[in-house]
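Lettered A, B and C in written order, each chain numbered from 1.
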Amino acid sequence: MERVKGRSGMGAAGRGWNQLPERARTLIPATILILLAVLYPWYHENWLAEFTNVPVIINFPSVSTAVIVIVFVIMAVGLNIVVGYAGLLDLGYVAFYAVGAYTAGWLASGHFQQVSFHFGSAGISRDLNGIHVNVWIVLLAAGLLTALAGIIIGLPTLRLRGDYLAIVTLGFGEIVPVFVRNGDNLGGFNLTAGTFGINPIDSPGFGEGLNGAWGGLPVNFQQSFIREKLFFYAALALLLITLFCSVRLRESRLGRAWIAIREDETAAAAMGIPLMRTKTWAYALGAFFGGIAGAYYASFKSGAFPSEFYFNISVFLLCMVVLGGMGSVWGVVTAGSILAWLNVEGLANIGTYLKRQTPLDFEVAKYQFGIYGVIIVLMMLFRPTGLIPERRRKLEMEEGVQDESVYGASR
Amino acid sequence: MNVFFIGLTNGAVYGLVALGYTLVYGILQLINFAHGDVFALSGLVAFSVLSGKFLGITSDDSMVIIIGALLLCLILTMPLFAVGNALIELVAYRRLRTAPRLAPLITAVGVSFIVQNVGLAVYDVEFYGATELLPRSNAIEIGSFAYQWNKLIVLLIVVPLLVSLTWFVRSTRQGKAMRATAQDKDASAMMGINVNRTISVTFALAGALAAAAGLLFLLQFNMRYDTGFQLGLFAFTAAVLGGIGNLSGAVLGATIIGLIEAFNEGLRWGHPLDGAWFFPDVGAPSDWTRAVIFGILIAILVFRPEGLLGERTAEGT
Amino acid sequence: MLQTGVRALVERRTIANANDRRRQVRKKSILLALLALLIGALALTAAGCGGDDDGGGGDAAATGDTGGDGDGGGDVSELPSASCEAMVYEGEGSPDVLIASDLPLQGSSRVQTVQMVEGIQFVLEQHGWKAGDTNVGYQSCDDSTAQAGKWDPGKCSQNANAYAQNEAVVGVIGTFNSGCAAIIIPVLNNAPGGGVAMVSPANTYVCLTEAGPGCAKDEPDKYYPAGSRNYTRMVAHDAYQGAAVAQYAQSIGIESVYVLNDREAYGLGVAQNFRNAAESLGMKVSGFAAWDPKASSYEALFRKIKASGAQSVFLGGLICENGGQVIKDKVSVLGPNAATPDEGIVLLMPDGFTTQATIDEAGKSAAGAFSSVAGVPADQLEGAGKEFVDSFMESSGAEPPLEPYTAYAAQAAEVILAAVEAGGADRAAVIQSMFEFTTTDGIIAPEFEINENGDPTVGPVTIYVAAKSFDTQEVVTPEAELVEAAKGGGA
C-alpha cells in the first residue's frame, strides 16, 4: 500500500511525501479512506443518491448494499488469514459463515420455544419465548463458537497439505449445509429448523437505557427508518476492528510463523515452529471473523437459511482474496469491496444498463460466477500476486521461494 | 437385489467420470475441478444432438435407429470433448506447470465455473433428460429381481470402454508414455517422450470418457448446467476412495459410492425392521446421502490418503 | 531446497530481531493512533445518527403531506434496480405511492409469474393508475436467482428490507412461495410507519395465518413481531386443498396413499394437510417421506413405495424442486399415472405442480396425473372474473388456458388498490382498510371478504388432470369438518 502510494505521488509533492515517516505514509491514506467510509451515508443521501442514471452502473451503491459489502469484506479478510497468511487453501469457508449465522439464530431468536431466556436483548418483548441474548454479545459468541468449529475441523485435517487439505475443507463446506438442512430432526430434536431456516432473528439495538440519546438512538434497529445507516456504522466498526487485528496479527510472532510455513513448511518445522499449533491458530482466527460476519449478516437479514450456504460462496470469497493479492490486507479489502458490490447489485445494474442502452440482451448477473471464474483464471495466469500484492508474497512468486511445483512433485 | 443393481449402474457412470480425475491426477498431481462440469456440459450437448433439430430421435423410432443414434452421438461428442478438454489444459493449466502447487488448483476451480456458465448460457436453468428414449421394460427378470434395458445399456457401453482404456494404457506406445510421464516427467523427457503431447492426450482421454458418461447419465436422469458439480465431487470421492492415480481403484471406488448411495436411499434405516436399533431417527436417510459421501471423502483423506488400492504418497502425514 | 529454506528463515529472523525494539515502539503508537481513530469513528457515528434522524423525520412528514391529496404529485424514489424492474406508471402527473410485486421471475415458475405481473399491470391500467385520489406506481420485483432457478432466501430478505425502508411503498403483492413469505412478512410487519400491507395471490401454507396443531408453537405469531397483522392472501390455504384432494381420491376409490414432500415450508405443509385429511377419511397412509431435490434419481425411493403396495402417491412440493425427475421416476417404477386405482397407481399433486412447466419438464410422464388448485378454474369464473379473463386474454394475447394464479394476482391488485383508496399514503391505514375489504363483484369469486386472520372466505378446489396442458377434471368443495381435520395434529 505505502509503496504504491509513494510511487504515485509525483514531483515536489512526491518528494515531500517520501520524506514523511513511514508510519505517516500508512496512516494518512488509511485515515482518509476511513473518513470517506464513515461519511458515506451522509454524502450518499445528500449527493450520490440523486444520480439515478449513471452510465454503466445506473446508481451508486445504497447504504444497505454497503452493509452487505462490508460483511463480505470481513469474511474475505478472515479467509485471507487462512489462505493468504498461512497458505492453507480453504474451499469450505462457507461452513464458518453458516456456523456464525446459525449461532445468531440459536442465541437471538424464538427458535428454541421450549425455553425463555432474555439477556440484555434490546427491544424484544419479555413475553416472547426463545433465547434472546443481546446481539452484540451474540456476535462475540458466534466468533468464539466458529473458532472452536475451526479448531475441530482443523485438528484432524491440518496434517494434510496442499490440495488434499483443500478437498477436505470442501467436504466440510458441503456437509455443513446438508447438516443444517436436515438438522430439524436429530433424534427428534429440532436444532436448525431444516429448510425453513431460523427466522426472524433479532436486530441489534441500543436498548431502553440509551433510547433517545444523541438525538434518537432507537431501542432496536429494525423499527427505525435509519435502520440501514445504523447497520452500516456497526458493520464499519466491526470491519475496522477486523482490519486492525488482521494487520497486527501479520506483524506478530504468530503471523511471521504463518508466513514461514507458507513459504516452506519443512524449513519452518526445522526452525522449531510447531506446525499443527500454528496452523490451527490460523484456522481458528480465520474462522472467528467468518463467524462474526455470518452472525452479523444473519441479524441484518433477520434470518438464516440453509440454501444460502453453498460452495459458490466459498469460491466467491476465494476470488476476492486471489484478486486482491493473497496475504495483502489492503488488496483483499479493495477486491472484496468491488466484487461484493458487483455481486449484490453491480452486475444486475450493468445488465440493466446494457439492456437499456444497447441492443445486447445479456443478463450479466446470471453469469456472475462465470465472471468470477474468468477473473480467477486470468489472475492466476497473468498476475498471480493479485492487484495490490503483498511485498513478501510478490518476492516469493517472482523469485521462487515455493513449495513443490506440479512438475517437481514427481515422487 | 434391485437396489444393488441400481447402485451398480450409477456406480458405472461415476466410474467413467472418476477415471477422468484419476488420469489427470496421476500425470499432473492436479485435481481437475472442471472435470465434473465438462461431464455435465457434454451431457447437455448430447441432448442437443439427440433431440430436436439435429437428429430428432424420439422414443417412437425403432430400436435400431435409437441405438444407431446413440452411437453416432458418442462418435460426435467424444472427440469434441476430447479436444475441448485438451484445450482447457493448453490454455489454463500449461502455463502454471512450474507455479506453486495451489495455483493450478485455484485455476481449476475458476475453469469449473467458466464451463458451468457456458452450460448456463446455452441451456439456461432448465432440466434436460432423454430418459424416455430407451425402453424401461425388463431385459432380465428372475423372480423379484429385474434389470431394465435402459440400465443394461450403461453396462454395455461402460465395459467395452473400460477394456479398451486398459488396453490403451497398458499396451500402446502412447499409453506407455503416459505411465512413464506420470512416474517422472524429467526422465521421460530425457528419454525422448514428448511430455506436452502426452499430457494433452491424457486430458483428451479424460474428456472423451466424460462425454460418454454424459450421454449415459442423460439416458437415466434429468440434468442441468450445475449437475456436474455435485456429481463431479462424488466421482472425485470415488477416485480418492479407490486410490487416486489408480485406474482400477477409480472403478472400484465408483462402484462402492454408487452402492452406498443406492442402499442409503433404498433401505429404511429408520425403520424398525432395517436398522432403527442402530441408527437414531434423523429423518429420511436419502437426505443424508451427500453428508455420508463427503464424510467418507474426509475420512479417507485423513486416515488413509492413499485410498483402498493406492500407494502411500507424501501427501498424507 | 531444505537448506535454502532454512537459510532464508534464519536471515529473516535476524532481521526481525534487529527490528524488534523499533517495532515495539511503533506498535504502541500505531495502537494508540488506531484507538483514537476508532473513538473518532464512534463519535462520528453518534453524530451522524443524530443528524440523519432529523432528516428521516422530515421526509416522513413530507410524504404524509402529499399522501392525502394525490394532485400534488409526489416524488417517489424507486426500488433498487438490482432486483426490481423500472417503475411502471402511465397515469397523469407522477405517482404518490408505490406498490410492488414480489415473485420468482426466473426458473420453472416463470411461465406463471410473468403472466401474474401482466395481470397486475392490466388491473392498474383499468384503474387508470389511481386508487381514489392517489396516483399509484408499480414495480415488479424478483425474488429468485438465475443460478438456482427458484426463490432465494437472501433475495427475499433483501427485497423485504428495500420495501420496508422505502417510504413510498404502501403495499406488496406477493409472494408466490410460502417459504419466501415467511421471510418477508416479519420484516414488513415490523417496518416503520406501522408496517407494510402484503397480499399474496398464491401462498397456501396454513401456518402463515392460522395457528393449529400442525404448526410450530410460535406460528403464526412469530411472523408478526409487531403484534398486529399486515398479511392477507387471496387463495384458500392448504387445509382446503389437502381436504379436497383427499376427498377426490376417496371418490375414485383410492384406499391407500404414499405421501412425499420436498421439506420446504409449502411442500411439507401441504403433505401434512393431505395426510391428515386422508387419515380422517379412513385411507391408509402407507408412508410419509421426503425427496431430496439435489438427488439425481428417485428410483430407489419409488421402489420402496412399490414395496409398500400403496395405490397412489401424493407429491407435496414444487416443480422447481426437481419435481420433473420425481414424476419421471414415479412413472418408470410404478407405471403410467392411472385415472383410478384399478388401472394402476394414481399420482396426486398440489398446486405447486399445476403449471405448464410440469408438463414441459416431465414430458410424457406427466400425462394422467391429477393436480389441484384452490379456487375455480379461470374458464369457469363468472361476472367480474369472466370479464377480467376475457379482456385480459384479448389485451395480452395469452394462449388459453390462463395460468391458474393470474386471476388471483389480479384480485390481489384490486384489494391493494381498494386499501390504498381508503388509506392513501399512510401505511397503517392501508393495512387497516385491507382487512376491511369486502366485495360483491370480485374476480376470483363473486362475493368474498377477508377474515381477521387474513384468509379469504372462499373454498372450492379444482382438480385438474395433466394432458397437453392441465384440463379441468372436477370442482370439489371440501367439507368443513374435513378441512378442520386436515389442519390436524402430529408433526
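The criterion applied here is as follows: a residue touches a chain if its C-beta (ideal position, glycine included) is under 8 Å from a C-beta of that chain, and two chains touch if they have at least 3 such contacts.
Computed from a predicted model, the values in this text were never measured in an experiment.
J.: Please report the minimal path length, in steps, between chain A and chain C on the chain touch graph.
T.: The least step count works out to 1.
J.: Of all chains present, which has the mean Cα position farthest from that of chain B?
T.: Computed centres place C farthest from chain B.
J.: Please work out which of A-B and B-C is bridged by more C-beta pairs in contact, and write that pair.
T.: A-B
J.: State, to the nearest whole Å, the distance from the C-alpha centre of chain A to the C-alpha centre of chain C.
T.: Computed from C-alpha means, the inter-chain centre distance equals 30 Å.
J.: Round to the nearest whole Å and give the separation of the Cα centres of chain B and chain C.
T.: 38
J.: List, in ascending order, every residue of chain C touching at least 2 other chains.
T.: In chain C, 146-148, 263 touch at least two other chains.
J.: Touching at least two other chains at once: which residues of chain B meet that condition?
T.: Within chain B, residues 120, 283, 287, 290 contact more than one other chain.
J.: Which residues belonging to chain A are in contact with no fewer than two other chains?
T.: Where chain A meets two or more other chains at a single residue, that happens at 181, 312, 366, 369.
J.: Per the contact definition, I'd like the list of chain A residues that touch chain B in the complex.
T.: 87, 89, 91, 156-157, 159-164, 166-168, 170-172, 174-175, 178-179, 181-182, 184-188, 311-312, 315, 318-319, 322, 366-367, 369-377, 380-381, 384, 397, 402-407, 409-411
J.: In their shared complex, at which residues does chain B touch chain A?
T.: 28-31, 92, 95-107, 109-114, 116-118, 120-121, 183-186, 229, 233, 236, 240, 280-283, 287-288, 290-291, 294-295, 297-298, 301-302, 305, 313-317
J.: What residues on chain B touch chain C, complex-wise?
T.: Chain B reaches chain C through residues 2-3, 6, 10, 120, 125-127, 129, 131-132, 136, 217, 220-223, 226-227, 230-231, 262, 265-268, 283-284, 286-287, 289-290.
J.: Looking at the complex, which residues from chain C come into contact with chain A?
T.: For chain C paired with chain A, touching residues are 1-2, 5-6, 8-10, 12-13, 16, 23, 26-27, 29-31, 33-34, 37-38, 41-42, 44-56, 59-60, 77-78, 80-83, 146-148, 152-154, 157-158, 161-162, 164-165, 167, 179, 182-183, 186-187, 190, 192-193, 216-218, 222-223, 225, 263-265, 268.
J.: Could you list, by residue number, the parts of chain C that touch chain B in their complex?
T.: Per the stated touch rule, the residues are 106-107, 146-149, 263, 289-292, 294-297, 299-301, 303-304, 322, 324-325, 328, 332, 361, 363-365.
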